[in-house]
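First the structure, in the form of structure tokens, and then the observations on it.
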């Protein structure tokens, strides 16, 4: 995975907690999903979308329908990680966020998370709203 | 903490997962709350209360208002633990579950978790319903 | 994903905990990795490999290098899920477990988790040991 | 719980994640232990003790032996919480951190977490080292 040329990325920094480690002495592979979710929430905020309000006011939700992760290097307790996130694709059916997780200059993990849009009430799938379609990456 | 004479207990057995461990090589202290919650759900089921239905149909919920845990012995990946749970106290204001967590004959942890009852809609505190008051431990 | 013809599967059953849910009212997408890990540990046990002992005695570990999940249907608090797991591929470099997660007859999630083998001491990659190579699926 | 007069506190700020919520629409009671642990690590760092190095170089660890939490107000997704932490007591046998968790001016949770000191190798209890004894709160 490469960050596409010209794409806009948003970064968050997190510090690996003790609770995030396992007896192998590294961050457990499931914890990355926590940090990737935080990164998506901050990406949306940086683009004018407050996700808490989005769910509450639009009565819509964005559940994960696909998650693909490649773990390249282990990360450890107290490491500071940068999670760099961008929209790889968005259309009426889905919204795909790609991320790289870096420790300094080292790529530790690559991830691709795909969301769909549903009505919060009954869970029926609906079209991605305009505010999210506007996140489409620029064609180069 | 002693199991009071004459009290009725319900046990569940769980196996410590790899994800539950931390780099200290033992189960992380936060995970016990997961297993204690499972134990309360099964205690209620064993006493005729399906908690999923309780929330859905009664429109009530039982949030935790107090948690007290004493960790006596560490537990490790793949350990099978018995969580023995009983109602220590119930009145209109609160419902207290006590538990001991055992690995074989060894007491590893003691816990006391207190719940109150709220309306699921607006979160206002309400009286403990009759079905839960009926869990009161027998006076000896 | 189809379960390949002739492949040997192992199933575990888990009950979705309250802690596993999120405010969307469904099991959070990260929790599946917990249950998939439990499924792999039980798969190995059913095939004569005690993973706790494996790490301790062989001084080897099997970290996750790739995780791919497709979420088809949401699952909810107190649902009983069956996680059916098999070895899709094993060679000297990697061991891939595939799983389907079922609620009754309904497929809720498909997952493919790839592990490599490392020395527990220094984290260097090593060849998959014979005991794990023996898990290779039968050629049909 | 009151913050004792003259005591030195350290604060961290965290944002409640979506994964931290449960179907009751609030942060799950177990997640507070994650944030309290982060607060202790930062308290120690602010007082010159890098806990990652402490475990690695001193070959000591500080497991939790007691946790007491009182939940006063629920907290929700995307809330920013302040965790204000201080050393309530330290002696050769134990180190007790007290914390209040605030959302703005509102007290949401009070917690008291007690640690002991063990040898990382064999888990035997040992005396709290001088660097930690030095965290003793000033007598007023």
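As written, the chain order gives the labels A, B, C and D, with residue 1 at the start of each chain.
One rule holds in what follows: a contact is a pair of C-beta atoms (placed from the backbone, for glycine too) under 8 Å apart; a residue touches a chain by one contact, two chains touch by 3 or more.
Source: prediction; values computed, not measured.
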Same or different contact residues where subunit D meets its copy subunit B, judged by the half mark: same
Between A-C and A-D, the pair joined by more C-beta contacts: A-C
Chain centre separation (subunit A, subunit B; CA means) in Å: 34
Where subunit A and subunit C are represented by their mean Cα positions, the distance between them in whole Å: 23
Where subunit A and subunit D are represented by their mean Cα positions, the distance between them in whole Å: 29
For subunit C, residues that touch 2 or more chains besides their own: 18-19, 23-24, 26, 30, 33-34, 37, 76-77
Sites on subunit B touched by subunit C in the complex: 15, 17-19, 33-34, 37-38, 41, 50-52, 76-78
Residue numbers on subunit B that touch subunit A, as the complex places them: 18-19, 21-26, 28, 30, 76-77
Subunit C partner contacts - residues on subunit A that touch it in the complex: 23-24, 26, 29-30, 33-34, 37, 55, 61, 63-71, 74, 120, 123
